[in-house]
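Next come two complexes, and both contain subunit A; in the first it sits with subunit B, in the second with subunit C.
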Partner chain A sequence: MSGAVGREAVFPTRQSLGLMKNKLKGAEIGHSLLKRKSEALTKRFREITRRIDEAKQKMGRVMQIAAFSLAEVSYAVGGDIGYQIQESAKQARFRVRAKQENVSGVLLPSFESYTQDGVNDFGLTGLGKGGQQIQRCRETYARAVETLVELASLQTAFLILDEVIKVVNRRVNAIEHVIIPRTENTIKYINSELDELDREEFYRLKKVSGKKKRDVAAADAAILAARQRAAEEQAANPEAASKAPPAKEEESTDVLGENEDNDVIF
Partner chain B sequence: MAASAASSKDRQFLAVIGDEDSVTGLLLAGIGHVSDGPDADKNFLVVDSTTETSKIEEHFQKFTQDRKDIAVLLINQHIAERIRHRVDAFTDPFPAILEIPSKDHPYDPEKDSVLKRVRRLFGE
Partner chain C sequence: MEGLFFNVNGGYVEGIVRGYRNSLLSGQNYSNLTQCETIDDVKLQLAPSYGDFLASLPPNPSTSDLAGRMMDKLVSEFKYLTAQATGSSAEFLEYMKYGYMIDNVALLITGTLHGRELKPLLERCHPLGWFETLPALISATNIEELYNIVLIETPLAAYFKDSLSHQDLDELNIEIVRNTLYKNYLEDFHHFITTHPDFRGSPTQDVMAEILQFEADRRSINITLNSFGTDLSKSERANLYPQIGKLYPEGNYMLGKADDVEGVALAVSAVADYKAFFDAVGLSQGGGLGGMGGGPADGKSLEDLFYQKEMELSKLIFTRQFTPAVVYGWMKLKEQEIRNVTWISECIAQNQKERIGNFISVF
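What follows is the complex of A and B.
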């Protein structure tokens, strides 16, 4: 799994290590927040689902009553009033308005029904006979439509919540299974690279100091050998010792020469 | 989100696709709205056994896609059954599609596209 996730393309530096650590912290905070959001939404979602189920049952009953009252009307009027009603419908009296409710940052619309005042298309319907039944039927149907509107807003909320929960869960999973492992991988990679660099540096310093020690030892050995040789030569023929002073004289003349230069400056 | 908020504010009517009794009853409740002008635009459609399915589909399309002032579309379940593929394919939150029982056809929760989704989500 972690092999498939890979890591981000960064240079293994301490700066990017700091960045990655911040990113990991951010991802973990985001993950817990989103998880909580998803839980809140799911809770709401289950409640709405239960209410939809109830409302659908209620709708079945209400519509049955309404249909019965319509049958009463056609019995009282003694004919079909459907055509008359369809022709006289002009302005909607029963309307809905959308409100919005905020659930964890998700705007859920809910419909609210209201009746437009002063609009009555059916003032003359049932004037001859059956007016009372028509009045009752209108009230029954108005109540039924209220139930329907309530159900419709539940259903809309259901659809929106369904969508939002899907998106939030996708994000939670993406953070949990992709972003966090990848960031951890990157941090691991940077750490191992930095350790490697440390080891390399340590090894290099060890090499340098070893080389220096070796050089010093060689130089010491050479000096020692030279001294020994000189001592041996001196022991072999003391006459040659007279040759040594001139060399020392040269050195001293050099020193003298420098002093002379100093004198010149003065 | 702001765009959908704006679009949901304008939606104030209900629309019906149903048999004659359902439409008559709902119109009595006062949901009928007919626009002025010669090509009067009704927000209801009466469907009987002679109505062609293409006409129902056309009105379904008009109420769900073309008109932006409809908040809820009520459709008789037995009519929704005739254009089931269209109803199932429509997943937008607006307008809300509500399948209602009619006098002759009792309500069957198994066929409702939303209840089907509810059932599927809960693994029943």
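What follows is the complex of A and C.
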């Protein structure tokens, strides 16, 4: 291929012209579909970006409250309860479920959080003092984790959508700037080749007819010469039937005329 | 008369503690602290009383580092006191340490139960609850061995022996174990100061009995409040109430039967102090569990009021003379001071100044 936009390596036949025309049509339909898909995805993408922004700001607030409630716990308990809590937590109370969402053919994972109410592993922590603060801190942190989960699902969708939008846009561009021009080029090429062939054929036929004319003229001349000789011989001998050759000559010009007509039609 | 010979053995310790008391932060110091913009400022404000201990902290230390250093100072002062104390005063100081020992042993029990490496846990142990044979506990590989070692090696054996078996350690929640031990400890401490010949009828008995009874009541009330919504049964709960205090026996019995906050409020209504607390935080009017943490109007929770009361009792100890109880009071005040400073620096670090005044200062 020469340059960015060349043409496809096809034989310039009528069949491949038909193929190319179909291909061009397909490419145009595909282009408009992909364009629409990309627009839908971009719309979604913007929405997600906006929601990420909201979620991040919310996360900032929630995490601050949560960290502060932890400070309250350490004030009330007056010591480090981290180890005890780590050791007594055996089952997850806060769980995450993953779902899939279909946005114009793209599968986006979305996480959904829920709490297992029966699980309360460190419910007795701080029994002597600070228990209420610990429970409250846990609730605050559960809310914080909820926000984090929401943010995580948005971020994942963000990354996946970003990737998909890039791919789709690349395809749109490829179709728009490469495939369609190239197919058009190919069609042009085939058309020009076919025209060329037509002209060649025409020229060839003309040549053929010209040659035939020459041949006929030569044959006529030969016949004429033969007749003249014969006439001279006849003149030397008895003179008879000298009118026939001119009639024959007229017939042969008629044939030539017919030939020419045929050519034109052809 | 009781003070006649006290100074022979206990005078030095008492004098030292009274000196320590003067370095406790006053209301003026606290109001300076709340004006601080950064932890560095806090550090600077604390310099007069904590100078050498804070000096090695890097600029803008974390609040936990800060609290750690303050605790270091408390520990080193307390160690000095224990080294100086003799006779019954020394015994008294030993008793003060048992509460921290219980925490440490509970920590090690937790580690053993979950099959953790125990060595790193030693570093997490409270330095005040350190005793010589504590490292021996980490040699235990299962809970039965640990139980035996605790019985043999630790001063807490008496608290384990009658109320807990090694199966209990395995089956019961560690919090229940801890609170059982603490109950036994409070009762034993109370018994000690009311029966020991040096303390019987002395100011020590007066002030310590009051403060221990208060501590016992506070635990009973807290345990009851915190057990709502958990799977702790009423009989188990009743076993955790210390059998001393103003609430014992009727109040404890009613606490054992209480199903909700109102039940608790009813149980404590016989004691004017506690009734006032419950009224102050609005629990007796059916405020519900939701408002328990920090809902009340003036931002004080029940816990805060208890701390306030404890601090006032501790402060009152200093009005008495010829008693090692001042050490107890000083230590409680100091611990509260560390909590206060942690709270203040936490508020500063997290930029949440609106609740910075939530500390308890009695001087």
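As a convention for this text, the second predicted complex is superposed on the first by the 208 of 266 C-alpha atoms of A that agree within 3 Å, B and C clash if a C-alpha of one lies under 4 Å from a C-alpha of the other, contacts with A are read in each partner's own complex, and residues count from 1 in each chain.
The criterion applied here is as follows: contacts are C-beta pairs under 8 Å (C-beta built on N, C-alpha and C of every residue); 3 or more make two chains touch, one makes a residue touch a chain.
Note that the structure is a prediction, hence the values are computed from the model and not measured.
Room for both subunit B and subunit C is found when the two structures are superposed via subunit A, with no clash between them. Using the contact criterion defined above for the overlaid structures, shared-chain residue A:Y189 touches neither subunit B nor subunit C, since it reaches no partner.
Using the contact criterion defined above for the overlaid structures, shared-chain residue A:Q64 touches subunit B and also reaches subunit C. Contact with subunit B, but none with subunit C, is seen for A:Q100 once the two complexes are overlaid on the shared chain.
Contact with subunit B, but none with subunit C, is seen for A:L159 once the two complexes are overlaid on the shared chain. Contacts of A:V149 after superposition: subunit B is touched, whereas subunit C is not reached. Ranked by how many residues of subunit A each touches, subunit B and subunit C are led by B.
Contacts of A:K56 after superposition: subunit B is touched, whereas subunit C is not reached.
When the two structures are aligned on their common chain, the gap between the nearest CA atoms of subunit B and subunit C comes to 6 Å.
Put simply, subunit A uses residues 64, 67, 71, 120, 125 to touch subunit B in one complex and subunit C in the other.
Residues 63, 103, 106-107, 110-111, 113-114, 116, 121, 124, 126, 173-176, 178-179, 182, 218-219, 222-223, 225-227, 229-232, 240, 292-294, 301-303, 335, 339, 342-343, 346-347, 350, 352 of subunit C touch subunit A in their complex. Taken in their complex, subunit A has these residues touching subunit C: 64, 67-68, 71-72, 74-76, 78-80, 83-84, 87-88, 120, 123-133, 135-136.
Here subunit B touches subunit A in the complex through residues 1, 4-5, 8-9, 11-14, 20-34, 42-44, 46, 71-72, 74, 91-94, 96-98, 100-103, 106-107, 109, 112, 114-115, 117-118, 121-122, going by the rule given at the top.
Considering their complex, residues 49, 52-53, 56, 59-60, 63-64, 66-67, 69-71, 81-82, 85-86, 89-98, 100, 107, 109, 111, 115, 119-122, 125, 134, 137-138, 141-142, 144-145, 148-149, 151-153, 155-156, 158-160, 162-163 of subunit A touch subunit B.
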